[in-house]
Structures are given as structure tokens and as C-alpha cells.
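Chains: A, B, C, D, E, F and G, in written order; residue numbering restarts at 1 for each.
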Amino acid sequence: KPATPAGTAVPQVAGRIESDGSSTVGPYTQAAAEGFERANSGAKVVVGISGTGGGFERFCKGETDLANASRPIKYTEAVKCQQAGIRYIQFLVANDGLSVVVNRANTWATCLTVDELKRIWDKGSKVDSWKDVRPQFPDVKLKLYGPGTDSGTFDFFTEKINGRSKQSRSDYTASEDDNVLVRGVQGDQGAMGYFGYSYYVENKSKLKVLRINGGGGCVAPSVRAVQNRTYRPLSRPLFIYVKRESFRRPVVAAFIRYVIENEAKIATKADFIALTKAQLAKAKRQYNTAIRNR
Amino acid sequence: MRIGLQEDLDTLQATLLDEGELCIRSLRGVMQAVRERDPELADEVIAFDDEVDSRYMAVAQEVESLLARQTPVASDLRFVLAAIHINLALERVADLCVTIAKLTKLVYEVSPDVKLIEAFEEMASRGEEMLRVSLDSFVKRDLAGAESLVDLDELIDRANRRVVQHLMALGGNPSLREWGLRMIVVSRCLERIGDHAVDIGEQTAYLVTGEFREFTDASHPD
Amino acid sequence: MATGEATAADQRIALRAPRRRWGEDVIKGALALCALLSVATTIGIVAALFLPAFEFFEEISIVDFITGTNWAPLFAPSSFGVLPLVAGTLLVTAIACAVCMPFGLGAAIYLSEYARARTRKSVKPALEVLAGIPTVVYGYFALTFVGPRLQDLGLPVGVFSALSAGLVMGVMLIPTVASVSEDAMSAVPRDLRDGAYALGSTRLQVATRIVVPAAVSGIIASYVLAISRAVGETMIVLIAAGGQPNLAWNPLEAVQTMTAFVAATGQGDTPTGSIEYKTIFAVGATLFVMTFVMNLLSIRLVRRFREVYE
Amino acid sequence: MVTVPESQTVPVTLPGVNVDAVAERGRPLPARELREVVFDVQGLGVSYSGNMALQDVSLEVYRNFVTAFIGPSGCGKSTFIRCFNHMNALIPGARIHGRILYHEQDLYGTDVDPVEVRKRIGMVFQKPNPFPKSIYDNVAFGPRVLGMTDGLDERVERALHQAALWDEVKDRLKASALGLSGGQQQRLCIARCLAVEPEVILMDEPASALDPIATTRIEDLMHELKRDYTIIVVTHNMQQAARVADMTAFFSVTRGGEGQRTGILIEYDATDKIFTQPSDKRTEDYVTGRFG
Amino acid sequence: MSAVSAGLRSSRRRGVWAGRLFMAFLLLSLAIGFATLLTLVVQVVFKGVEWVDLVLLLEPPSADPQIAGARPAILATIYLGVLLLALTVPLGVGTAIYLEEYANRNRWYNRLLEINIQNLAAVPSIVYGILGLAFLVRGLGLGRVLLAGAMILTLLVLPTVIIAAREAIRAVPDSIRQGAYALGATRWQVVWRQVLPAAVPGIATGSILALSRALGETAPLLLVGALTYVSFNPTLLGDFTALPVQIYQWVARPQPEFRDTLAASGIIVLLVILLAMNALAIWLRNRYERRW
Amino acid sequence: MRIGLQEDLDTLQATLLDEGELCIRSLRGVMQAVRERDPELADEVIAFDDEVDSRYMAVAQEVESLLARQTPVASDLRFVLAAIHINLALERVADLCVTIAKLTKLVYEVSPDVKLIEAFEEMASRGEEMLRVSLDSFVKRDLAGAESLVDLDELIDRANRRVVQHLMALGGNPSLREWGLRMIVVSRCLERIGDHAVDIGEQTAYLVTGEFREFTDASHPD
Amino acid sequence: MVTVPESQTVPVTLPGVNVDAVAERGRPLPARELREVVFDVQGLGVSYSGNMALQDVSLEVYRNFVTAFIGPSGCGKSTFIRCFNHMNALIPGARIHGRILYHEQDLYGTDVDPVEVRKRIGMVFQKPNPFPKSIYDNVAFGPRVLGMTDGLDERVERALHQAALWDEVKDRLKASALGLSGGQQQRLCIARCLAVEPEVILMDEPASALDPIATTRIEDLMHELKRDYTIIVVTHNMQQAARVADMTAFFSVTRGGEGQRTGILIEYDATDKIFTQPSDKRTEDYVTGRFG
């Protein structure tokens, strides 16, 4: 096994950490866990992918130490946690840029405005052809692909584009599995879809990403654009929620520390976008406060 | 219903009755020969025995085949066993006729004693009647008919005894003596034809009741 | 040896059991308990599905649920007409049946009537392997192989379609149908075949007019099994059918089935306790009721045919 | 010969006797020259995957006779009878040697269609095997598959009449054949076979699954049918062979070199002969139950 | 019934053609299944065979596809298999014995039991997942542990195993039971010494085939909490993952190394495990198959 | 091997032979009575017939039971049929003895003609021998033995003819004449015992060869 | 009686005659008073779910006799014979009326244990039903379940000897019983039953599945066994009853009000009597094949 990364003089910790939640964040946590376990041979981290909602449910029942979330906790969930006496700290661990993609054979569309996206995706939308999006587009049938209605991605996208979470037209092909969406877009000239940045990155050669005009001009998703917040409004944060009680356990604290310290490396490994300096600083602050208060 | 079996049983009975008829013809023929002292006719009767024998053989063959093929039991079996005995009895009757015919031939030159001939005639016609009755009651499974044979037989026996007395009284004349010696056998033959008819009756009784029983027992005369 | 010396009195005693056989009763009890587990399972399923489902129906009218034609529980505003899911389920099932029924039966006929004993012995288990492949694998096969091939054929079919999912599901079910039907057909006594041959029938006539009718109850049983497997199949539709509730009855389009909805929503990030979350149970309960009714019908049906033919 | 002049005697009448009938019903079979040969089996042998099950059988089967095959278990009776209608062709590995001439035509010649053969030569099996269909459909099955669908109803009725079953089933032709008793089922199978108007009926132990009463009825039926058909019957029940058959063939088993058992024909003769004076010691031992 | 002198030749060309067409259809039926199987296997093997190596078998999962393995998943799948066997066979066979040998079929509750089991066999696996989540994981407080997974899979396959075991037990001829009873055996002695040994091959093959299906199940395991990242070996009451879950998760990854190659190699491993089990079942069936 | 059948057949044969032995005893007894003109002994012989009859009945019953139960065919069946005939023949032999005994009683006061008695003695001993040979060859299924009976029978027949000649020559004396008339029947009886032995031989031949054949035919004397 | 002085005559010797043996083998059965009653059946009736299958049967079964039950199909022979060892208890819905005394003890009294009854009263079935085990294990099964394991080997050997099977199987006791021929299998079943040393052996059509040669052997065996055992046998084969049985009971069927068929005992007598002079017309009609 590779040795402990140089520079981390943290003493070895041991113990088990339970995490569950978003399937989007799962790979991130997993990558972190892998490195952490390598550094601390007595530590075990397990990662589940029950979905953000499922993760919070378990979390608020006290079953897990960490909840991976592709969106902030909702009010109803927070209430549940409170009722169960679960207190937690929210760590922002990475960024994601939801990418809107079309088929590579789509020669006409390069940049869409948020309004245009809303016209396409909003509830009751009758946009069936690219021509309906913009008159100069050809009359190619528009085929839509999007994530499952219960995913954080869907919530985020609908909120930012359509103005209200979950408000969306429903006649599109949905899949929990973003690879499936990739396939869909790849196989259909008139296709349009949206999903996490990582799926775009890994499939750059098969897809064409659209630039989004969120008021500040056309911007394509990229690490830079997300980090400097020019890619709007589809940059989104990814979180790990930590139970305060668990945080008292050295192994959990050590894990969070490991995540914060190695955030950029982990993000790259998992195809996410690393935190901005400000975000990282905030995370470190949070961590330190937590350490003090535990 | 086992059609094959019933057919076979019917055939068997028919052959037997056929044989019975031939026996009766034989008896009539031989009595005519006795009455008319006709050696040719006697010869014909002797030859006619072949006819009866062929029926006898046919019955025997049919019985064997039927037993081998049909596995008769209970009354069917009794019928077959009765048929065997009746067949034998009839064959004997025919043989007795042949014996009479032969005896007749030996003494045909001798002019016969009329009374004796009359007695023979009577015995023969009684014998014929008995044969008829016996076969008839066999066919009808008629127990009473079969039992009536005992009384009929008594009449033949009486005639036989009269013949013997008469012959004994006859005396003297040497040619007549030989004739008498022959005739006593003829009488005995006729008497035995009655016995055979009684045998047939016994078989009928056996067939009907399922019990072996001799109507009369030679060693226990009533 | 007959115990010659034993008196009647000895035997009087001997006919009684020397001791009570407790073990027998205990065993019977234990076995009955095993059987009761299945009852407990059913009760559990009913409770797990129907209690939350009732809560759901407190908020959503059951009539709307059953008769509604728009399924958008997780959209805002939401809509809870289950018919598109039912339609999707039935459509995929129908496609799967269209594949597995004739071809499964064909394979069964081949194995039982045409193949030599040796061939049968090796082919049947090989076919059964097909039934053992994880359904995830089939799902991707449908998505990455069958779908594109359908497009290659020039069909106006999307990447996701009821058709490709149904076709693959059908193929997956061929061994199920073939195996159960073949068992039923092998159980048709040789005498019947001989009887038909002796009347001058050809092999075709024997197979179609004698063997198949005589084995019909087994064949129906295999069909029912296949249908319920198709209705209950999750992964293939989840991956390949496209998660789009659709009442269009168009096999070329994407559909969502009830199982796919339950599976997708079950692992999504819907907050538990929300009305959206309870749809899982409402749909699950509907699915359960559907399979239950179908099963009762099939038990009836199979029994009727049994009565006629046995 | 009978020269005792009949005129001299009153005709002797005995009740119940029909002497003519006796003569007509005469037991002896027609002489060999007068019999019409249906099958002429010449040196027939059958092997299963190379093992000879039956060897060198030659015999003639005569028209309107009941011919019985008897012999110990495994002597190849079933194998033999199945040669007459190509049923062996259904058994993988079965091979036929020698010839069977059917009306002087080679039954195994090239171009002979088993379906045609089976149409002319019907078969009834050991266990009644009615199809799980209605009584009517059972009888109509053969005509239907053979395309003889004109006047189907009459054909079915005729066959059921011939099989002595009509009266028992005429009110429930549409009922399932499986509801019939064993004996009725077997008669139905015979009717089914008669419906295609065969010339020959093969029966492989047709009554061995039946009780004695049903058996009797089947035997009676065979007796009836032989007026119109030629019947070949395999039976384990020697009494049955004795009762129904005109000719009987006795088969037995020889043990070859490596303990291989091969069936051979020991004796073929009139049934009476076989059961009263078999000419072969082995036949005698078998029929008297002294075998083995 | 005039003498048949000719006409044994086939008169029906149409029938021959219909036969050939039908045969073609049958072969096609078989071919579809095998073609699919072949394509599938070829595709998977083509993609994944290179990565089936010691790393895959011995290493824990990793974010780096190059060093990612599936040891915990493979082990857990094997454990699951063993647990499943240990749980389903006694329960399933016990239930089957109860229903076949003890239950009075005239009682309504026993009939209900039968219908209930038939019905359970048709309940979608996802519903079992829901059940497991509600009652085993939460209700019993078992947590998301291997045992809970095994138990839910047990419930899932139990009806299938019961049905297979019932078939096997029913196939034991009644004559065997009667024979044993007539010798003074008690009911349990009859079951234990005669019925079960005779039914073992049927039970074994039925169970194994059901089992191999269960081991390929993903959906219910996801619901009862099979995790996707577990780096250590599974324990009975500990967190676990399973091979199909692992595959499912890999397949959903954006990176092609996971999505295609690693997933394919995982599928190969799973297939090998399942094939081994199927082979075992077939071997058992052929080895102990009985003819009565 | 059908043990039951063979046992039954053995029993049947044993009963038959038993009956045969009794017949021979009867014959000896009655000859002693003739020789010694002993009416008491004659009565005993008459009574002794019951013994034979009981065997006769036993055989008949056994045959019936065997046929009903065992379905004999081929040689077994011929054996049973032969047994029926032999049984009848033996019973007749015993009856003939009774007849002789009765005749003896009728004439016991007459002092007999020595030559005649000698002839009777010869006939009786030949008859006994023939019975023995017939039963013996039956048991051994010995065709040659059975056929030898024809020659033996010829001897008895000759003796019979001599007796008849002698009686015919006897003449005169009326008491002697009655005696003669009785004795001719005795002679005939003795002769017929030989005939029955031949019958038994014929049955043996039938049993062995399976063919019906009369050794001699009354209607076709050679 | 025989006053013809033997001393006056040379002993008459005829070959092959043993007059004493004849006397000893005398056919007539022992007088009724001298027979030992094993079963005393009093007004027995059996109903299946309320339908009387058999009514009002009273008869006595005697020790060391072979008692045969004959009658048309469905007259309740099997039903009756199964009453003797409680086999009807295994049929749901079967009810027994009336009494069977076994050595004066009520067989259906309270406290009577079917297992004990079946130990004393063995049963052999229509179709040979060897257990799918080795020959040895088949015979040893009964002793084992009854705990009679001392000297098991000798017990097995003795039973096989008695069943006239020892010589044929002594070299392959460990071989499967299913490899035996039908007749051997049936003798094995008899041996199996003898191994538990019953007093009575019930046989329900023990030879109906066998060929004539095997049948003969079974009949011989029954003949042998009756020296030590009391045997009750149901048979369809009247000839068989005639051959093996000392006493024969003839059953027939009456049709009740609603076409319901009930078995009744028509005649019970010495076998000879039944087959030569049955006292009831129905018996006669049945045995002569004139039934129906």
C-alpha cells in the first residue's frame, strides 16, 4: 500500500464512519475515504448511495455519521433531525456545474439563455422543435433528457431555471443514471439534456456542451468558470453533513480534516470542481470552530 | 358375456346332440337287422359306427380346445365335464349297437323266438326313449326329466330279466341254445343302453345341482 | 415369523403404542411454523405497503389516483394519475410476452418433441443460464446494443424505448417459459403421442394438436410466471425504458413502469414522509394488488384446465 | 355312407340343435392355401442401437384372422408389432432388417410414407390413451389429420358403433373422453382407430390395464371386428390369446454371446394347436407355466 | 376395405412443407435465446476480460480504476449465498414438507397458505426491498447489515424454493410412502428416511437455481442498504456491499474505465459464480435424477 | 414352475393309482369268490365297491377343482382329460367285478366246470396284468408299454372265445345251463376288464402323443 | 371296511404312488371349528367423505390360510384390505364403521396405535414399490424404523430367503433395488414386509403389474408363505384367486338411490366352492365371465 502522503503529520486514528446519501456526492466521499483509509489503517469508511433524501432520512435517525448531499437540507428534513436531537454541521466540499449538452451533430445551438432554457423545460412547455426555441434554428424535433425527478440535480436545475424546485415539464426521458442520459443525447440529433459536470467531462468527445447566458454572457461550464462563479446560474455546491455527536469521535474529525486538506485532489479524482479559496477558508473555519466546540 | 365361450359351449352341445341322434339311428337300424335277420343291414350298422365315432372325436377335440382356450368354471365347467361323460356314454351306446349287430350276424340263420324278439323290440324302444329323454333333459337342464330315467330304466331291467328267464326256460335245441347264448348278450346290451341313458341323466343332475350323485348304485340295489 | 405362542392377551397390549410419540407433534409444529413464515411475509408486505399507502390516499383521492392520466408526483405542481405507469408496465409486459410466449413455447416444443435426448440434456441447462444472468446486465444490453440495433433497422425509435426493454425482457423470459412448458410437455405421456402417430399424424400435428393442448395448463402456468416476472422486473426497465410516464401505448417511445418508478424514487433524494415519498408505497401497493389479482386469476385458470384435462 | 335309410325312421328331433349351424361353425381354420395373406414377414430382425432385439422372424398374417403374439417379457413382441406400422421409426437407434410385405408390397421400401402406412394399419395401445379432448374429437382426430373431413359425423358415429360404444356415449359426445371408464376408453381408442378405416388393427396388450369385465368386452369386440378387419394382438395373458386368436405365434428369448438377449420366433400355428399340442418343447413349457 | 395394393407413397406435399416451416420456427425460437446469450457474453468478455485479474479479486474498491477491486463485494456475495442456502433450504423444505405431507388440503387455511405462497412468488423483488427496509432494517432494528440482506433475499426466494421443493416432493411416488407406512414407520420417519432422500435432487436443483437468481438481484439489496463503498471484508452483522450492487454503481460512474471495463469484468466474475452454481445444479440433477 | 398345479396333478395321479389298486384287489377278491363259490366273499366284494366309488368321486372332484383353479393346457390338460377317462374305466372295472360277484352269488350252489374256472382264472390274471401295465405305462408316460396292451388283450379275447365255445359245447344239464348262461356274462365281464385296460392305454398314448387314436376299433376288427 | 384280506394278495405296487401322501394332501379344508380366526370382521363399512364405498361386510379370516378377495372394479376390495392395517387412516375423509377384531381385540379401539398394527400386519402393493435404496437397505428399513436393529444382517438374510430372493441377490445386496426386474422387485417388497416379522400379510393385486412368469413365482411364494403367515390377497385375476387361495370372498357393487355405488360382500366360501359351485347367482355370473 502507498505510504501516508507526505506532509500530513496527523497521528493515526481508528474507527468506523458511516456515510450515506447522494449518489452524486458518493464517488467524492468514496475517493476521500479511500485516501483516508490508506493514511489510517485502522479507519473504515463506508459509503452508501440512498440518494440525498434517503441519506438525510438515515442521518436524521442517527444511523449515519455523514450525509452526502447534492443540495442543502430541506426544511422538513431539518425538522426531523431536530426532533431526533441530531445536530449537524454542513460542509461544502466541492462544486458541480450542471452541464446542458446536445448532440454533436447539432450545429446550430451553441449558447442558450436562461429564458430559452425555461421555455424549453418549464411546466406545460409546448416546445417540440428546435425551431420553437429560436426561429433561426432548424425544424429538428427536440428530444429532452434529464435526471430522475427525485434527484438533487433535478431540484437544483428546476429551481434555477424554472424558478421553482420540481417545476418542470414531465414529457422528457428521465434516468437516475447519468450515463444513460449521455447515451440518450449521444444517440439523437435533436437531443438536449442536463447532468453533472463530471459526466460531461468524461464524455466530451461524444457530446457538445452548450454555453449558458445567465445574464453575463455565454459561458461554458469549466473548472474556472464554476470557481469564479461566471458559470451561472447552474453552478451548484455539494455538501457533506456531519453529525455533531460523531464529530467528537477523533476518526470522524480526522476524516473531515482529511477532506478539507485534500479537497482539491479528491475533487479532481472524482471529476468535481474544487472549492474556491473563499469556500475552502470557510470550510476550514467551520472545522476549527467545530473542533473547539466538540 | 364371453361370446367366444358361449359359442363354443353351443357348438359342443350341438355336436353332442348330433351324436345322440346318430346313436338312436344306429339303435333303430340294428333292431331292424335283428328283427329281419338281415346281415347286410347289420354290416351297415357296423359301418355306421364310424359316423358316431367321428362325432365322438369331434366332441373330444372340442372339449380339449374349449378347456385349453376358455377356462370354463362353475356351471360352464360342469357342462364341459358332463359333455365328456355324455360323449363317452353315447359312444358306448353306439358300440353296443355294433355288438348287437355282430351277434345278429352270427346267428341270422336261426329263426328267432318271437316272444324274445318282441321283448327286444320293447327294450330297444324303451332304450330309444330313454336316450331321447336323457338328451332332452340335458338340453333343458331339466332335473325332473333326468330323474325320471330311473323309472324308465327299471322297465328295461325288468324286460331284461324276463328275457333271461325266458332264455333259461328255452332249453334243448342246440342251435337255439347258441342263439340263446348270443341273445342273452344282446339283451344285456340293450339293458346297458338304458344304463347309459341313466348315466346321461346323472350328468344332467350334476350339471344342474353341482353334486356328484349316482341315481342307482350297482353295489347298493334298492 | 408368526408369533405362534403369543396369546390374545399379549397382542392386546401390543397394539398400543409403547409411548406417546411427542417428537412427531413437535416436528409437525416446527414445520407449520416454517409455513407460517410465508404468511408473516405477506402480512409484512401488506403492512409495509398499505399503511403508508393509506396515508397517501388520505391526501390524494384514490379515484384520481386510479383514473388519472398524468403521472407527475415529483413535479410541481404534482399530479398523481397512475395510469401512465400502469400503461407503461403493461406495454413493456406485452412486448416481453410477445417475444417470450411464442419463442419460449417454440423452444419448448423443439426440446420436447424434436430434439434428441442428448441435445435436450445439454441445451436445456444452457438455456437456463440465460435466466440466471443478472438483470442489470440485460438492462445495459438493451440500452447499448438492442436500442442502437433497432435504430440501425431504421425504426424511429429513441435511445430509450419500451420496445428495446420489452424485447430484451422477452428474451430473458424465454428460458422461463421454455423450461416450465417443456416440463409440462415432457409430462404428457408417450402414449398420447404414439396414439396420434398411429393415426397417421405428422410430427407437426402431434406437437400442435396433441402435446400442446394436453400440456396447456403447464404452458399457461409458464406464461403466468413470465407475465408476473415481466410486471415485476425492475432493472431492465429502469435502465432501458426511459423514465418517462407515458400513456401513448407507443412501443417506440420511452415509458416508465411501476417498478422503475419505485426503484428510482426509492433511491432518489425525496425527503421521506413527504407525500411524494409515499407515492412509492401507493404505486407498490397497486403493483402488489395487480400481481395478486393476476395470480388469483391464473390459479383459477390453471385449475380449470387441469380439471378438463386430467 | 349313412345307408340306414332315413325314410324308415321318423326324423329324430332334439331340441336346441341346429346341425347345420354346427357344421358351419366348424372350428378348423381354412386351409393354408385358402387364406389370404396380408403380411408376409420374411427374415425380419430389429436392432436397437446395434443390439438385436428380435431376429429372423418369418411368418404370414392372414386376412380376417386374429393373430396373437405371446412370449415372455422382453422377447420382442412389442418390437415386432410396432414394425407393422412404422412405429419403430419413432425410436432413435431402431433399425429394421429383413422384409415385411404388405399385400406383396415392401413396407419398408423407399418412398413408402409412414403416414400412409399408419393410416391403413391402425394401432391400439396397452394403456387406453384417449386424447384429452371430447369423445367426438377423439374419434374425429384421425380423419381430421388425414383430411377425411367429409361426412365426419357419420364417420364418427359409425366408428363408435363398430366399437360397441355408441349406445354408451351417444348422449355425451362432447364430454371429455377422460371421464370414461378404463374399458370405455379402450373401446374409444379402438373406435378412433376404426374411424380412419384401416385394414389391419394392431393391438399391443390392449386389455392388460383393464379389469376382467372390461377385458371380456374388448375380447368380444375383437371377436366381432375380425369379420371386417385383420387383427394382430400382443398379449401377456395366455388365456386371452387362447380365447381370441385364430393363429398364435410364440416368441422366446435366446441369450447370445455376451449375455445379450434376442427374441426369436419359436412356433407359429393355429391357436388350438399351440395350446393343446404345441410342437416345440419351449412353447409347451411356456403355456403350461413351466418356464423358468 | 378392398385390397390395398398400392398407395403407400406419400400423397400430401403440403404437410411436408408445413412441417419444415414449423421446424424452422422452432429452431429460430431456440436460436434467439442463444444468440442473445452469445452476444451478451461476447460483449461483456470483450470489454472486461482483461481486467479480470488478481487486483479485481483481491483489492477493495477505489476511485482509481486501475487499482480498483471488488474483494468485499465478491466475498459478500459468497457469504450471501451461503447464508441464503442456510436459511432458505430448511425453511423452504420445511414449508414444502408441511404442505405436502402434513397439511390437510381440505382445510381452508391450508389452501390459503398455498395460494399465498404462489402469490408471493410473483411479488416484484422491489416490494421485498420495501418490506426489508420497513421490518428487518428498521422494525427489527437489525440495521443495514449483511444478515438483513440475506434475510430479505431469503424471503424473496423462499416461495420459489418452496414451490420447487413441493414439486420435488410431489414427484416422489405415493407408493414409496405407502410402502414405508405399511412397514410401521411414523410420519416423520417416512418423510425423513424416504421422501426427502428421494426428493433431494429436485430440491437441490430448484434451490440452487432460485439462489443464483437471488444473487443477481440488485434492487432489494439497494433498498435494505447494501453500500457501494466498503473497503473491508464483510461480517454477518456489519456493513456490506454485493457484487451486483458494485456493478450497478460502477456502471453509473462517468469514467469509462468504471462504466465499461470494470463493470464488465465484475459482470464476468458474477457470471462465473452463477454459472458455477448452475453447473452444480445441473450436475446434481443429472447425477441423482431418478426414474421410478 | 407352478407348484400348485404340479401338486394338484400329483395328487390326482396318486388318487387314480390308489383307485387302480383297489380295482385290482376287487378283481382278486371276486375271482376268489368265483373259485371258492363263496357268497360271503362275493358280498364283501360288492360292498368293497364303495371304496372304489369313493376314489372315483375323489378323482372327479379333484379334476373339477383342478380344471376350475389351475387352467391346465397342453400336456397338463391332456393329463387331466386322460385322468377323467381312466377314472371312468377303473370305476367300470370295479363295477364289472361287482357284476361278477352278483352272478357268482346267483349260482354258487352249482359245482363249476373246472376247465371254465381255469379259463376264468387265466382271464382274470391277464386282466390284472393288463391293469397293472396300463397304470404303469400311464405313470411312466410309456407309449410302448401302453401299446403292448393290445397284444395282451388279444389273449383275453381268445380265452373269452374259448369260454364261449366251451359253454356252447356244455349242453344238457339245465342247472348247468343256467350256470353257463351266467358264466358267459362273467367271461364277457372279464374280457371287458381287458378292454378297459386297453382304454387306459389309449389314454396314455393320447397323453404322450397328443392324438386321439383307438388302438382297436370295434367296428373295424383287424 | 376293506375286508378283502390283504394277506391273501401280494402287495400291489404301482410306481409313483404314495397313498399316504395323497391322504395327507387331502384337499378339503379343516372344518370351520378347527380353524383359528385371525380377523373377525363384523358389519364393516367404509365411507369416503360420506359416500359409502363398502357396506356391512362380515367374515372371518383364518390363520395360515390364503384368503382372496375378488370382485368387479370399484367394489371396494382395496378399500377393505386397507382396513386391516389402518392404511385408510392416511386418506383424508375415510371413515370406518363396524368392527374388525384381530385376535379378539378391536383393531379400531381407542389406544390402538396404527404403527403397532402395521408392524404386525404387513402389506404388499400392486406395483412393486422398492425404495430407491440398496437391496439391503430396503429390507432393513422396517426393522430399523421399528428399532429392531439387533442381528440386522441375519434378519435381512432370513427375509430374503423366505421371499425366495436370496440366491438371486446375495452377491449384490448393496446394489440399487431399482435395478431388479419387476418380479424380483415384488419379491423384495415381500421380503421387506417379512423382515419385520408380521403375522399377516396383506397383498393388493400383488402380481397385476407383472408378466406371467413373475406372477407364477409370486403365486408359488404365497403358497410357500402360508405355512408361516396368514395371507390376504386382492386380485383381479380370478384364475389367480382360484390357484392360490383357500378361501375366497366375492364382492360386488350395488347401486344406491342416487346412482351411488356401494360394495357389498356377496359370498365367502372355500375357493373350490366359489369356482365350481358358487351358491349365489351373482358369483356364478362373475366367475364365468357373464357379468354385465
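Remarks
As a working rule, a contact is a pair of C-beta atoms (placed from the backbone, for glycine too) under 8 Å apart; a residue touches a chain by one contact, two chains touch by 3 or more.
Every value quoted in this text rests on a predicted model; they were computed, and no experiment measured them.
Following the contact convention of this document, C, G is the list of chains adjacent to both chain D and chain E. Minimum number of contact steps separating chain C from chain E: 1.
By the document's definition of touch, common neighbours of chain A and chain G comprise C, E.
Ranked by the number of C-beta pairs in contact, the top chain pair here is C-E.
Of all chains, the one whose CA centroid is most distant from that of chain F is A. Between the CA-based centres of chain C and chain G the separation comes to 51 Å, rounded to the whole angstrom.
Chain centres here are Cα means. That of chain B falls 91 Å from that of chain E. Mean C-alpha position of chain A lies 127 Å from that of chain B. The distance from the centre of chain B to the centre of chain D, with each centre set as the mean of the Cα atoms, comes to 45 Å. Each of residues 115-116, 216, 238-239, 242, 275-276, 289 in chain D touches at least two other chains.
Among the residues of chain B, those in touch with two or more other chains are 1-2, 5, 47, 50, 61, 64, 68, 71-74, 77-78. Annotation for chain A: residues touching 2 or more other chains are 23, 49-50, 176-177. Taken together, the chains touch in the following pairs: A-C, A-E, B-D, B-F, B-G, C-D, C-E, C-G, D-E, D-F, D-G, E-G, F-G. Contact residues of chain D toward chain G in the complex are 72-73, 182, 211-214, 216-217, 236-239, 289, 291-292. Considering their complex, residues 18, 20, 23, 26-27, 29-31, 33-34, 37, 44-50, 63, 176-179, 196, 198-199, 201-203, 269-271 of chain A touch chain E. Interface residues of chain C facing chain E in the complex, by the touch rule stated above, are 21, 23-24, 27-28, 30-35, 37-39, 41-42, 44-45, 47-49, 99, 102-107, 109-111, 114, 121, 123, 125-138, 140-141, 145, 168, 171, 174-175, 178, 202-204, 207-208, 224-225, 228-229, 231-235, 238, 259, 262-263, 266-267, 280-281, 284, 287-288, 291-292, 294-296, 299.
Contacts from chain F toward chain B in the complex involve residues 46-47, 49-50, 53, 57, 60-61, 63-64, 67-68, 71-74, 77-78, 80-81, 84-85, 88, 95, 98-99, 164, 167-168, 171, 174, 177-178, 180-181, 184-185, 188, 212, 214, 217-219. Only residues 85, 87, 90, 92-93, 115-116, 118-119, 122-123, 125, 127, 129-133, 141-142, 145-146, 178, 189, 192-193, 196 of chain G touch chain E when the two sit together in their complex.
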